[in-house]
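In order of appearance the chains are A, B, C, D and E, and numbering begins at 1 in each one.
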Amino acid sequence: MTPAFVAPEIPWAHLLPVAIVLVAGVVGVLVEAFAPQRLRRAIQLTIALLATAGAVVAVAALWAGVRDTGGTVVLGGSMIIDGPALVLQGVLALLGLVSLLVIADRTESGEDAFAPSASAVPGSDYEELARRKGLAQTEVFPLVLFALGGMMIFPAAGDLLTLFVALEVLSLPLYLLSGMARRRRLLSQEASMKYFLLGAFASAFFLFGTALLYGFAGSVRLADIAAATSTVVGMDALLLAGVLLLMVGLLFKVGAVPFHSWTPDVYQGAPTPITGFMAACTKIAAFGAILRIVYVVVPPLEWDVMPLLWAIAVLTMVVGTVVAIVQTDIKRMLAYSSIAHAGFVLVGVVALTSSGISSVLFYLLAYGLSTIGAFAIVSLVREVNAGPGGAVVAEATHVSQWSGLGQRHPVLAASFALFLLSFAGIPLTAGFTGKFAVFSAAVEGGLTWLAVVGVVVSAAAVFFYARIIVLMFFTDPAGTAGETTTVVRSEGFTTVAIALGVIGTILLGVLPSPVLDLLADAAKLIP
Amino acid sequence: MLNDQSFPWLTTLIVVPLLGAGLVWALPGAARRHARTVAVAVSLLTLVLAVVAALGFDTAASATHQLEEQVSWIPAFGVSYALGVDGVGLALVLLSVLLVPLVLLAAWREHPDAVATGGERIRHYVALVLVLEAFMVAVFAARDVFLFYVLFEAMLIPVYFMIGAFGGLQRRYAAVKFLLFSLAGGLIMLAGVIALYLHGPGGPEGFLVENLVGLDLPVTTERLLFLAFFLAFAIKAPMWPVHTWLPDAAEQAPAGTSVLLVGVLDKVGTFGMLTLCLPLFPEASRWAAPVIIVLAVVSILYGALLAIGQEDLMRLIAYTSVSHFGFIVLGIFAFSSVSIQGASLYMVNHGLSTGALFLLAGFLVARRGTARIADYGGLQKVTPVLAGTFLVAGLSALSLPGLSTFVSEFLVLVGTFTTNKPAAIVATLGVVLAALYVLLTYQKVFTGPVRDDLATTPDLSTREKWVVGPLIAAMLVLGFYPAPALDLVRAPADVTLEQVGVTDAAPAHGSADATTSTTDDGSDQ
Amino acid sequence: MTTPLGLAAVATGLAETGRTSGGEATLFWFIAPVMVIAALGLLFARKTVHAAMSVVLVMISLAILYVAQEAPFLGVVQVIVYTGAVMMLFLFVLMLVGVDSSDSLVETIRGQRWIGALLGLGLGAVLVGVVLTAADLAPAGLVEANADSNPVGVARVIFSDYVFALEVVGTLLVVAALGALVLTHRQRLTRQVGQKERADARIAAGTVLTPLPAPGVYARSNAMDVPALGPDGRPLESSVPRVLRIRGQERSVAEVHAEIGAEGVGSTPPERSITGEEEVR
Amino acid sequence: MAVLAGLAPALAAPLTSPVLAQATDAATTPGADFSNDNGWIVLLKAVGIIVFLLVSVLIAIWFERKVVARMQIRPGPNVHGPFGLLQSLADAMKLLLKEDINVKAADKVVYIVAPMISVFCSLLTFAVIPLGPEVSIFGIVTPLQLTDFPVAVLYILAATSVGVYGIVLGGWASGSTYPLLGAVRSTAQVISYELAMGLSLVSVFVLAGSMSTSQIVESQTQVWWFLPLLPAFVIYFISMVGEVNRLPFDLPEAEGELVSGFMTEYSSMKFAWFFLAEYINMLNVSAVATTLFFGGWRAPWPLSAINDGMFNEGWWPVLWFLAKLWLFMFVFVWIRGTLLRFRYDQFMKFGWKVLIPAALVWIVAVAGVQGVRQFTDVDLRTLLIGLAVVAVVGIGLSFLIPERRGQAEAAAGGEPEPFDAFAAGYPVPPLPGQVLPPSPRRLRAQAQGAQASGATATIEGSPRVTDDEQTDDQVADGEEGMPRG
Amino acid sequence: MNLSNYLVLAAVLFTIGATTVLLRRNAIVVFMGIELMLNATNLAFVTFARIHGDLTGQVMAFFVMVVAAAEVVIGLAIIVAIFRTRRSASVDDVNLLKS
């Protein structure tokens, strides 16, 4: 008989950031069950904000230790709390906090972005009644927290099992949240279903990859797999196929071509604050995992896998950019833009240098801040029903509806323009610093051609960003079109989020040094 | 304090307009109508400060960077905030700060709808001009390649808004075209910048120009990098065949914007060629020079020929600029001290003359509401002052001796002649063509019978006179007494030449009278 | 069908863990084709329920393979979770959604089916090729790992190495519950109308509370269209089905009146005989 | 076909026996030892089980009819055979000889397969039920159990869950509405109640430290689990009734609502299959309850102490097992004869809002206690006393929580309409919204009371009356139409 | 018999599942295809566990089952929600986003 069971030691301190968020999610569920309805939103919001802020603080508290030691492997390898993991957890918690602000905002109309009752049939009397009674689907907050918790585990996961579970924990809430938009609910539900089916499809591939890797190494720990690459002989096919299938799952999450087809639909259909959250945070989490796999497992396979990744990076940049040019829906355009950005980040990933890691981290932070801000702005620009005293309804997402926005709401439009410029990579914005970082990492990694492609593509990408700016600032609002678009006043939260985005975008563009230094310290993965 | 080199003069020159712009934007509702006044005041203050700073400049050591400042900016990328100007840089900085108040003054009545919207739009316009001024000063003063690049790109944004929001009917098209051309070039340069850094010494100061000069680059790499940089600069200094954005931009932009765009902004291109391309990639520069010279000559002729055929005053001036930029590039790549001096000087002079032309054309447009040449005629009699100043500016553009442009153009041609006779000879044709387009235009617009609808056209107002006056004065002064300017550019030219690795057989050490000192060297290399 | 004895022999063969026996091979070659055919059933079945049944079959077969592969715990869990819960849920939804939702196999994008099929074939070829490289792996067997019985072994691994994943899976289940709740639970917004309220409302509305009187069925006439007579001898309008009345197909009592007195009332409807089976129920 | 179905347990045995073999070989914990079994003894056991089940079903039908009849004070079947014992046999023969109707709208294959699935799965369970300890059969010492393995109880759950497919598919394949509704109900029912059932079993696993049936029986030497795990047993008992679709949970075949649910379109042999499966399932769940909570084949306490456990050896335990089994069967019948059917929503609410949470709480409690025992030095008695104190305090505190006021009270409002109790000269009942006036005697009493309080009010100047009194007064005033004095 | 037979079977089932996802239009069938893929993966895990003599594979499969159960709950909830709106479960009918 094997010796008595020894309970594993659980290093709570190192799991604190994740634990805070997940426990807050569970508490949120309990609040749903027991708190009176009118108090729920306030309580949920408080819990969520406190939790994310607490996670940021916890990350900060752990930082000194990790910087000195280079990180620790805890839970027998299930979790690896090293520099990149911790930084990404911090970034995720921070962006989660900002996203939550947008998510919580009800604007002056007193209605948030979510259906008053997600179970109501769209267009039914019940839905109308629920709306009039001011119901709110406050489950959104715990769901967001759960997703965030999954995301925070993702880059730190040290074995494929934890990675898989985290993948699902981050995905399932997002599938749900995508389907909960208040307006255009059919669209939203479709988005949810598409996201779900394709997401589950991708995770099945991920899983089969895991199985093959397990078959290869006899373990699902990344460290063991990496070690096995040098000892096990004759099964390279298993390893290669395993890694590739694994990457399919992860690349799906970041929306890389050819696994991107869900992105525009889902981004368009999902409630805009969720789109922002998804666009920023999912990408960050997934790239965290990709970094770990590419840097820990792939190196022996460099010549098999890397060319594929190069091709994917190029394709992603090109397709994202080219297709974005013809979009007429602002959310779709931002979706394709996010695909293109995934390509840029991949350029940093495939650099396979330490500066590659830090550049990816920086890019993700910069992109995340701008993205959440941009979608926050989208959520404020609304259509107005025709006729006198028309009610403010859904978001005005058709680009033509944005014409002349700069003249009527200069500050808002200027902020949006700033985000667009950051996406375009104009100097003195965070986007430029990020692009510079990834491209220089690529050049340093000997992939000058990739950097050149990236540069050319970003030049092309300027076109559609500039187009929106042209619309906002240089086009007079057409007589009637101008009247059907308005900007609702935020309750305050969104304003804060946008302001944070603007400040972050400028600061990271003008004075990126402190952050860059910090990331340079962090750019070391423990196998 | 005036001569205190440690005082951050250049930063001051950057910060003051920026603060001014911020102030203009932050003006409370009631005070908004004074936005222009505030802006002009700020720009004048900047001008004064610039003059004061220039007084502290040691002309004797104009080849070295002075008024230096250096702070580590992004050590992770090897970027520092390093400023400093040599003679050429100083001249261009001065040009910039001189033109800005004039442009602001000229824009006084730029927008008929300014009243309707409570000065809202003009407020944005002047603020953007001030932002642009800060960037212009900074870009000419940047001693760090990264900083230079950042400013080079960042400048586009205010100009983009100035064209796109305040221009003519086709302004959106023009603005986007401008932005895309410039960004495309700029981003390719970015790749070069990155690669250059990685070949350099690296470290937290790895982007300083002085640390990057004299690198032992592999030949292919050097040539590729050169091309990346040169392309960006060529687009910026509109060289044939990548000039096509300029006529559109100039036509659609308000006159003031065109002044800054063509007068100053495009100089960043030639300035970049002079201060970055040549020193950083000497071998590649020599390798590419023949082709570039051909392109430059083509630019000269092409610009001039097209200018003759233009029906739109603004486009015409834009094409003349293409021609003039051809001269500048020609001067730079002719690799003789004289030609480089000429090119350096040309940058300043062209700013003055073309600036004046654009401003005057703008006044015309403001009066008549059209820029079509055919809509004018016989204005000489109605508005003599306007006609006179236009003539002077035009003559400056065709390099009439006695006006500032003449000196520089002559230096360029002479310098080129010493190294590349055919190019010089063909380029000379450009001078003839210039006479054609200037005089023809003058004839069409100002001479002949007065058209009825123009009979009541008012002559230049006091404000407008104040706008044009300084420019005319500068042209005349520099035309007759170019010595101070030449002093500024001579030494840098020699240094540049040295960096390129071309020994000038007989370096010109002429005095103010450039003609005598430069005609006698004709040895080829 | 193999005899129990035969299967028992298979079993004994399987018991020698670590290497496969003839018995296991027999079992495998019996089950594997069934599974593949069932899986193809999923791919090709027109009726969704048939597809679901195929999947159930695959899943149960998998459970048997798990047991054969020294994973009895998983085998049983497979049946409970997949067959008992997951597929049952699928069937439930199928019935909710409408079981007749048969699939149209019409292509929406031309050639899409061929592309899909080609992609599938390619994937299959690659995967089979890849796993075949593992063909010469010497199975180590699980005798040692299963020394304390399989569930105990699995539990040890779960609760020592992967305890964190287990905890996270807990949150996943919370999410699932919450999600199902969010998407399907409707809060009651209007006051619930109970049986009592309904009854009260019916009474207050003053309509007929009892079942409507049956039409006057007389032996000589197909008389659904003839009203019955009330206790007072007057015809009851409401006894004729509404549809007939609307169509105007009812007949008055007068038309059949003559026969009423002569024939009397019809026979009582036959009572349903109580069979043994019903009595026991 | 019958043969085929009969093979079910036989099939189950070999499939699981390897595992069992290795498990029992290696395990040091006591459990059934099947190492002596050979092919024919396995076959013998399998056939024995099937015969046992078939006979039991016949008896069960008779038993049920007889018991229900006695409860309803009538004799029940008493014509065929002694005490009517052959009545079931006669019914069965009649069923088999009836015309076998295939419904036209049915999905043929599934329609035919469905009842077989039901029967097949129901036969699987008894393979792992220990009927007794080791006995000697023709010289071979073997446990009175077909097979056993480490996850035997889970296997039972699995077999049950597959069995439901018979119902679901049968309902669907009939191509008719009532069966479909029955099938849908059944799906929901199984999903909900199996959850509770599974959860209730967990605490047994925790205490017994095994999921093997023989080991669980082994672990009940000291005390039967239903005592310490009473809540779990109660939950199991309720959900087992739900699981086999018996009254009061027979919603899938609720006669009053769905004709006969999923079986509506079945007749003859196929109907018989379903019928058989249902009764075997009753036996199954009873057997499981016996095994897991009632000590399996172990003799009840006073008997177990006799002669050094004489009654726990040899063939005696089969008797105890059967006794306990039929005890449960009796309870089934008893409940059927006593209780009314639940409404569907009540049924679901009960499952999800009562059974499952209760089961969860109970598991947490048991796990907590086990954890404390395992990882600390607190002894069981202290622990139990502590828990008792906590429970008492908790219950005490719960009395302090104010009760929620009935919604009906709050909802009821509006003036009652005037009501004439003798409209048209006849006494009539009040319509909704009308209130019966108080009886004349009560009226008088109230009038007196009102006068009295009015009097005190005038004396004291400011009457401080409670809310209730005030309301009463007002009502009285309103109804009497008298001005306040 | 070689254990790789199990792996081949797993690969074949996985492929059939994936092909189902690609070819079928009914959301529920597509979803079942995904479930089939997960099951195939589990078979691979169990087989590899036996090959390596290590229970991790079985643990992995166990987790997959739990996760799949959660996924099914969410997925079917979404499908039911859509169905209630549109009375169709075909992926093709879900095409508002294409416009």
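Rule of thumb we're sticking to: contacts are C-beta pairs under 8 Å (C-beta built on N, C-alpha and C of every residue); 3 or more make two chains touch, one makes a residue touch a chain.
Fair warning: this is a prediction, and the values are worked out from it, not measured in the lab.
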| task | Supply the minimal count of touching-chain steps required to go from subunit C to subunit E. | result | 1
| request: Could you tell me which chain lies farthest from subunit A when each chain's centre is the average position of its Cα atoms? | output: D
| Centre-most chain, if every chain is reduced to its averaged C-alpha atoms | A
| note | Top of the farthest list for subunit C, CA-centroid basis, is B
| request: Going by the contact definition up top, give me the pair of chains with the most C-beta pairs touching. | output: C-E
| note | So, in whole Å, the Cα centroid of subunit A is separated from that of subunit C by 39
| field | Rounded Å distance, subunit C centre to subunit D centre (Cα mean) | value | 22
| query | Approximately how many whole Å separate the CA-defined centres of subunit B and subunit D? | reply | 92
| remark: Going by residue number, subunit A touches two or more other chains at 1, 7, 118-119, 161, 165, 168, 172, 175-176, 179, 208, 212, 215
| field | Residues within subunit D bordering two or more other chains | value | none
| field | Per-residue multi-chain contacts in subunit B, two or more chains | value | none
| note | Pairs of chains in contact here are A-B, A-C, A-E, C-D, C-E
| field | Contact footprint of subunit A on subunit C as seen in their complex | value | 126-127, 129-131, 133-134, 136-137, 147-148, 156, 159-165, 168-169, 171-172, 174-176, 178-179, 181-187, 189-190
| request: Quick one: which bits of subunit D touch subunit C in the complex? Just the residue numbers, please. | output: 4, 7, 10-11, 13-19, 21-23, 26-27, 39, 42-43, 46, 61, 64-65, 87, 90-91, 94-95, 107, 110, 149-151, 154-155, 157-162, 164-165, 168-169, 172, 180, 183-184, 187-188, 190-191, 194, 198, 211, 255, 260, 271, 275, 411, 431-433
| Which residues of subunit B touch subunit A in their complex? | 72-77, 124, 149-154, 156-157, 160-161, 164-165, 171-172, 175-176, 179-180, 183-184, 187-188, 190-191, 194-195, 197-198
| field | Of subunit E, residues touching subunit C in the complex | value | 1-20, 22-26, 28-29, 31-33, 35-36, 39, 42-44, 46-47, 49-56, 58-59, 61-63, 65-74, 76-81, 83, 87-90, 92
| field | Partner subunit A, residues of subunit E touching it in the complex | value | 7, 10, 14, 17-18, 21, 27, 30-31, 34, 37-38, 40-41, 44-45, 47-48, 51-52, 54, 56-57, 59-60, 63-64, 67, 70-71, 74-75, 77-79, 81-82, 84-86, 91, 94-97
